[in-house]
Amino acid sequence: MTTRVLEPPFLICNPKAYLGSADTLKLATLTDELAGEFGIDVLFTAQHVDLRMVSEHTKNLTITAQHMDPIVKGRGMGFILPESLVEAGAKAVVLNHAEHQLTLDVLDATMRRAREVGLATVVCADSDAQCRAIATMGPAMMICEPTANIGTGKMDAGDYVARTTKIVKEVNPEILVIQAAGVTDGQDVANALAQGADSSGGTSGIVQNPDWRQVLTEMFTAIAEHKKNA
Amino acid sequence: MTTRVLEPPFLICNPKAYLGSADTLKLATLTDELAGEFGIDVLFTAQHVDLRMVSEHTKNLTITAQHMDPIVKGRGMGFILPESLVEAGAKAVVLNHAEHQLTLDVLDATMRRAREVGLATVVCADSDAQCRAIATMGPAMMICEPTANIGTGKMDAGDYVARTTKIVKEVNPEILVIQAAGVTDGQDVANALAQGADSSGGTSGIVQNPDWRQVLTEMFTAIAEHKKNA
Amino acid sequence: MTTRVLEPPFLICNPKAYLGSADTLKLATLTDELAGEFGIDVLFTAQHVDLRMVSEHTKNLTITAQHMDPIVKGRGMGFILPESLVEAGAKAVVLNHAEHQLTLDVLDATMRRAREVGLATVVCADSDAQCRAIATMGPAMMICEPTANIGTGKMDAGDYVARTTKIVKEVNPEILVIQAAGVTDGQDVANALAQGADSSGGTSGIVQNPDWRQVLTEMFTAIAEHKKNA
Amino acid sequence: MTTRVLEPPFLICNPKAYLGSADTLKLATLTDELAGEFGIDVLFTAQHVDLRMVSEHTKNLTITAQHMDPIVKGRGMGFILPESLVEAGAKAVVLNHAEHQLTLDVLDATMRRAREVGLATVVCADSDAQCRAIATMGPAMMICEPTANIGTGKMDAGDYVARTTKIVKEVNPEILVIQAAGVTDGQDVANALAQGADSSGGTSGIVQNPDWRQVLTEMFTAIAEHKKNA
């Protein structure tokens, strides 16, 4: 990675499968508007079926696929072709999420395909051992998440964020580390960045908040504060 | 299934992962044009990322997803949400393809989700035993394919087409049977329909033909002839 | 199936992975002793590593593997070779358990391998649709289990047992139906048999009972009563 | 790993699923006899169903399971319980073989279970990236294999053996490296050891040789020569 697809500190907004197409577009355009106002980068994921639509209606977001397969043009019924993600406007792809884990062999092959087509890789890991192993494979970004905290609205009470960020950076300081498990407000985002993370944000902490504009503004504000003080 | 999403005899055009987005759109608009001219229905599949685009640029095709997952709105990072397929314009979904097989439990759950969101199911099977078992589950359509013949350009030399079509119809005559393994031209399509199939067409026999208009016209002509003589 | 490997009504004792080798042997020899006294057949499963040991130390049990793979002699590192199960003394094999589900294609291939090597198949199913589909594939036996009740110590409160047994028998009356989800005592076994099942017994209801001899004696007694009144 | 389960240079004899129980026992007792004569350690794998039998009939072999699952005593129908492998006499377990790959999360959990029950881990990897990632996880041993060469009877023509052995040792010099892909005779074993491997031997190169005693003697001789000159 000589050029980064986005600059830290940045926000991750990862609605997973929580939103249908219309709601995804609403969240994306709102996030895009705020990203422009704050001048802060955003990694925004969407269901495959919505990627092109989100890409066409936004300008400040790094459009990111939630998964892809290591296939090449040909067979592969029902699998996700890397080339088509690029044609749809995606710049990055999340791999090996706790809810969608890959064998090491498939992860390795998919990371190679990402490099071939020019997608930045965002690879997920849980334990210290997994974080270290993945870091040696040279992803552009990593999402470190203690599986037990995903979707709980509570961050790890111990030193998970600081410890795993350090593990990754010691292996390869170029890797941008995203820490977002259990994050629900601006204070959580500030905490994650204060412990060394390059990015925070999340899924349920955003999409399940009744006021998207409010929670996103809080999170962008926390990132802007961190940036100013850096 | 009281109402059918398409009327037999119909064409299946299933480019799998052979084509990027731009080529998929070319094939879709050409097929759409010919479908209109011939007045024949078409089951057209596309990569998830291209479904909305194909839907927005065509009017005679039954837009079909190549796979979906039995998830509901919520977690499910990187999996395909049924509701979003519907929002993107899909009317049907292929499940259990030889290249993307499901456990019986997941297939059952995914067929239930398809009914909930209003997608017609197109379920694949190989051996006689698999064709019979799937037929009892009540899909709207079935693709019967001897795995050994997929992508070979050669249809089964024995009685596979007639035999498996009969097995399915004996279990449930409402199920529309697609026979397309190894089909490459109008004569193959005519043969499949003559042996009882409700639909034929294919993947490599179409996308790898250097002249899409010619091969599709041949196939539509064979279907129109069959319809006229029925 | 012209010859049955065991005669209904029979007991199923399926310790899954609850017991180490020494405890498995204790449970097997106790069950074997009681099976001899009651003159009632038993389908007894064990971890693969323990199958030969259990076979060598018992004489009244139908030794059953908890899974096998459709491989033939050759590659297949870490997978279970059907021929070796037979050499170890197994007479039957459970397939597609809720905790170990198979694609329809693999299930079909594994059932063919079982026929080739002479193992009776015991195939699991959950919903009505799954029970019907599996029944068409001609297993020797089926375990019908509503997944939600496995390991709970409570049988289905509705008509699951009677309804799914009937579904299977209507497709193929030769299939022996095992109903054991949530069964914990002799009364539960009696209930299952009264509703049409050919066999009952279970896992946690037996292995987690502090007095194996007592619970097994209860269950054998219930089966003997049912047999007498049949 | 403060204590090693076997001393390098050692032989690996991994019959995978090539042999039924009777033949596995023949190969094991022959290998055991030669291991005693040569005073050289052997990592000997067997189908789960045969592990106890092989353990009971040999004394010089490190009995090794070809796979296990990260389950604990309880549910897990058809999966391999670590504790039972130990009770059957196994001292080590192969994980993540090219024919049986695991997600990183499952591999991590299974390695933790191995440590809990006292089994040495033998973890497989293919590419440089995979070898490096696995090495960071601290297995006792690694099998480095270019997937393309498995079962071909031809070793990698380039520097795969030397290169991947070096990668692993640089991460952690305590890890014993096994290089056996495409190895068929004593010369191949000598080559592997000369390039830095701690062990060689194989599967098809041994089991498909019509004269097991001859090929094993060749391989043991090569290891003994290497040891003498070390």
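Quick notes
In this document, chain identifiers A, B, C and D correspond to the written order of the chains, with residue numbering beginning at 1 in each.
Basically, a residue touches a chain if its C-beta (ideal position, glycine included) is under 8 Å from a C-beta of that chain, and two chains touch if they have at least 3 such contacts.
Bear in mind the structure is a predicted one, so any value in this text is a computation, not a measurement.
When the partners of chain C are compared with those of chain D, no chain appears in both lists.
Both copies, chain A and chain B, contribute mostly matching positions to the interface they share, with over half of the numbers common to the two. Compared with chain C, the chain whose C-alpha mean position is the greatest distance off is A. Inter-chain spacing, taken between the CA centroids of chain B and chain D, is 46 Å.
Spacing of chain A relative to chain B, judged by their CA centroids, is 35 angstrom. Once the centre of each chain is set as its mean CA position, chain B and chain C turn out to be 38 Å apart. Shared interface positions of chain A, defined as residues touching 2 or more other chains, are 98. Partner chain C is touched in their complex by these residues of chain D: 14, 16-22, 24, 47-53, 65-67, 71, 73-81, 83-85, 87-88, 94, 97-100, 150-151. If you check the complex, the residues on chain A that touch chain D are 96, 98, 101-108, 111, 125-127, 129-130, 132-134, 136-138, 147.
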